[in-house]
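Below are two complexes that have chain A in common, paired first with chain B and then with chain C.
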Partner chain A sequence: MNSNTTEGLLLDPGVGFALLAVFGLGWIALGIWWGRKAKTTEGHMLAGRNVGLALGTATAAATWITSNTTMLAPQFALQLGIIGALAYCTASFGLFLFAPMAARIRTLMPNGFTSVEFIRLRYGETAYWLFLLISIFYSMTWLVSMAMAGGIALEALSGIPYLTGMTVILAVCVAYTVFGGLYAVIGTDFIQSIIILAGLVIVAVMILAKEPPGSVYERLEESRPMLLSALFPAALMALFNNMLFGIGEITHSNVWWSRAFAMRKGVGAKAFLLGGLVWLPIPLVAGFLGLAAPALGINILRPDVAGPVVAAEMLGTLGAVLVFIVVFCSLASSIDSLLAATSDLITKDIVQNLFMKDATDRQLRTVVMVVIIGLGVVTWLLCLGRSQTLAEVLFFAGPLVGSTIWPIIAGLYWKRANPVGVSLAMLMGTAIGLFAYQTIGWYTGALVGTAVSFVIVVASTAIFPREFDWRRLRVSTAPKSPADRIREEAAQ
Partner chain B sequence: MRTTPTRTNRLVAVTAAFLSAAILTIAAPTPANADEPVRAVFTNADGEPLSGDDLAADSARGDIQLHWALDPPDADASPMFRLVGRLDGELVDDRIVYYEGPQRRSFISGLEDGTHEFVVMARLADTDPWGPESEAIVFTVEHHSLRQTFILLGIGAFLFIAIVFVVVREAIFAENPFADEDDAADPAPTDRAAGKGDGA
Partner chain C sequence: MISLVPQWIFSLLIYGAVALAAIAAVGLIALLLIDRKNGELW
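Here is the complex of A and B:
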């Protein structure tokens, strides 16, 4: 048995603060640098709709390598064993399936801005409000879970107090997203994805050289046999639940829709497919850390810090530094994306749609920046308490996002999807999914929510089909004419 | 009997020393490295005595979060703890050591169906024997039934196949409702010319 000291420090707090300062200031500087490209609101929100394959792939992979990948995948393995680790990998199917959907989105709405805008035009006001609430709730859950993860990870690794770590990470991401918009988000994603991949490869090679999987298996067999069992009930339930949660997260979230809109014509499908392939092995590496913890006698104080703590314990100071950097980059690459996408959604679908229909470009840009800062403040307030584990916080949104999968698919491909049925599907899917979350476990909510939503969408479309004119999607999102733009400029 | 002043002084001094030692022995707290072994006790997350509601455990998943402390608390001591557990029916000698070290909490997962018993012990130095076992925490693990599991697994598999089928099928066969418009605006040869979604 190791008598390690994970309650103590794996990294000197001074080193932690230095890393935080170097990377934090670096991201902000890059944000300001890239932000100079964004001359208009469209440039700020969608990077000029001109993102190519390399940046597109990098941003898809980096955004999907969240703190959830580096911290939740080990938690899955630690709590749900080998099947749990595999369950986490199934989230890559979200990216694979979104690849053709991104192409369809670009075809139907080449000038669109947000996923909520699509739902409003496709299904009307009731579905719009429901979808908007789900989207904002999900975004906040994801933001809170990541900011929490940041605080928890930095505290576990270097002793930086939870509140300080969480605040610094949030503040850095808010700052460079405000300055640089999607240009900065995608640019930093590119650098962050390279750092994350290089860091994880080094960590994986070092760990496998030190502790081959065979010896981990033998030791787990004695003390935690269920982690090796192919018939671990909760893990088997989590298998498709996690896959559907991943699919729901990507198909509904404006984080991904904004990338579909931002990528050049013909790039989206390839970029999301490649991004999924890049992402696929990462949770396996991270998951191995969770399984290795009990086998190596490393004491885990709470399940959601297993990954960073095990890597740092096994690899010493170098490992702790590497893990610190990987975690910080994975957090930043996702928090910035969420801030940008959620601020787009609030600006376009709430502020402009309801209160500022004739807003000028400059006014909208100011609104975007205020919203990003506001989101940062709200997230910070929600992160002050940290009672639940990351999985419980994040998967609370599972039933909500699961219930949106079929409304989105039907909306993109089926001309006769029924708007009333779609609204009912989201409502009932969410309600019954949350019931399953509470009564069975957090690893069933998305699955049950998706199932209920599927039945209602398919049945309502088959029994009460409602014809839709695809042209509405293009007409309503058509860009302003040059004359309108000149008038706007004159008014400013 | 008459005693000399020297003798009297010596007697007084010896008596005073004896009394002082007795008073100090009674009044002073037990030193940390006394022979008497130290005790450990399970607590809640805040270090307070454990009550039934405080236990963070999931029977259907087979995991439990345990916290412990010295009893009575001693802020100056640097004790080592040992957490052991066994499944009901196993011999005491077969108990598994889940943790040994200075930390005061641990997360245990991957437990099988059955009643598990955990106890914690403490000692102040590596050379000391382990103190008495704490009162045991008894945790019954009952995983979800395989029937319920396979029903949910089946539903999940069906939903996955349905989603893949619809998305792939539509990506291949769905018509682009704006094919003519797009071709006119973008005369370069693309896959939209065949009326398909771009790049799909």
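Here is the complex of A and C:
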């Protein structure tokens, strides 16, 4: 058990390439198949706004199961103990909180497209630019962190070179998202969520059959009692940080807003609630792998690949294959969603809003596809260097994300939220949160950013209330009449 | 003196999480079949 596992290969490279080929080609074929349903740009972007409960629940859960969930949760458990694993679970609160918000978004903007569009209509140009920058920065951070995680994981598991693994994962996701849009993203999300859940359950049950929790507990009590501490200070800080990070990410990101717009009326709230329940146990199941490492005497040289190393060490080739598939599905389920949602945002809120106000449906469809491919290329370029650990890359965005929570909530529910105060809240929350991130620690960034933003939003709304007419959101996003469209097509 | 999470809570958390994940997988498939039967997939 004391082998220096990360030095050797956990899976034969040939097997790794074969798995990549089978799943990669499978996702692309499904993307082309489902893509036939996307007749218009709206269909491509929002899957016809008619997604049902099963696919809605699966896509909410699968998108939130990133490779960070399956790779970082064991790292959290290994470094911060059982409370660290539980801390990761609190990220599901974002899905629970978003459930009523999804219903509210669908009611206020039944024909809306993006979260940035909402901010622009609700608060005006200054808030729009700030929010747009935060959204783009965060989307790219998330994309880069996952593509990097993919390359690192595939290399650690099977010896597939980092650059090759990262390139293949990105290329596959770009291909099926271009062909199938949100139809392909949501369809594959369902299959991926089942594979992830089943894979993790099988790995956990096989490990539990060899080492029950009681046995792991007793060994940890002897060798690493801090990992069982109920009051591990860093773990408690991570708990709040993770919860706020999850809430901030889900409230602001267009990944979730596009799903709220895409789900059939009456489905959104239930789907996000159930999606949160589906997601809730996953960090703990994955975290158990991290806790098992010191208890079983498995030498972990790099904590960010602790989960795969433990699975392969305990279960041999089968464990490595299962983890490989789970990690690949976790990556694909999130990268495709980010590509689709970020391309919507760039197409609608930058290209159409600023440069192509009168674009036809066909032109917009072309723009969406070009943007998806462009995003893939930019992500690939940013992933060429791998200088930071996964946690650092991910949590650097924490203060930015935290500072958007209250502007979004106030914008959806408070009629008198002040637009200037909201812009100031995002600006100061980000600045002071990043200062805390640099000077105190990564786990305080989101907490400080959220607190500062909250104070400014509440104070500005209380002192300088500004009335808003909710009907403006519905009217401004109303679709054009067929007569208008015919006139536009004829003019061009 | 470190205040440790009791062993029974530790075991409950691990077994509970694995059981919930298994139920979630089966539940998703059941939901899909219901939606499909009602023509409400998408």
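As a convention for this text, the second predicted complex is superposed on the first by the 482 of 492 C-alpha atoms of A that agree within 3 Å, B and C clash if a C-alpha of one lies under 4 Å from a C-alpha of the other, contacts with A are read in each partner's own complex, and residues count from 1 in each chain.
Just so it is clear, a contact is a pair of C-beta atoms (placed from the backbone, for glycine too) under 8 Å apart; a residue touches a chain by one contact, two chains touch by 3 or more.
Just so you know, these numbers come straight off a predicted model, no measurement behind them.
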item: Touching partner for A:82 - first (chain B), second (chain C), both, neither; value: second
item: Touched partner set for A:465, first chain B, second chain C, both or neither; value: neither
item: Partner chain(s) touched by A:226 [first = chain B, second = chain C, both, neither]; value: both
item: Touching partner for A:301 - first (chain B), second (chain C), both, neither; value: first
item: Partner chain(s) touched by A:244 [first = chain B, second = chain C, both, neither]; value: first
item: Which superposed partner A:13 touches (first chain B, second chain C, both, neither); value: neither
item: Which of chain B and chain C A:193 touches, first, second, both or neither; value: second
item: Touched partner set for A:413, first chain B, second chain C, both or neither; value: first
item: More chain A residues in contact - chain B or chain C; value: B
item: Partner chain(s) touched by A:124 [first = chain B, second = chain C, both, neither]; value: neither
item: Residues of chain A contacting chain B in one complex and chain C in the other; value: 225-226, 228, 231
item: Chain B-touching residues of chain A, taken from the complex the two chains share; value: 1-7, 78-81, 93, 97, 99-101, 103-104, 106-108, 220, 222-228, 231-234, 236-237, 239-241, 243-244, 247, 265-270, 294, 297, 299-303, 405, 409, 412-413, 440-441, 444, 447-448, 450-451, 454, 470-471, 474
item: Chain A - residues contacting chain C, complex; value: 37, 47-48, 50-55, 57-58, 61, 82-83, 86, 183, 186, 190, 193-194, 197-198, 200-201, 204-205, 208, 212-214, 217-218, 221, 225-226, 228-231, 264, 274, 277-278, 280-282, 284-285, 288
item: Parts of chain B lying in touch with chain A, wherever the complex brings them together; value: 58, 60-63, 65, 80, 96-112, 143-146, 148-150, 152-153, 155-157, 159-160, 162-164, 166-168, 170-171, 174, 176-178, 182, 186, 190, 192, 197-200
item: Touch list for chain C against partner chain A, complex; value: 2-5, 7, 10-11, 13-18, 20-22, 24-25, 27-29, 31-32, 34-36, 40-42
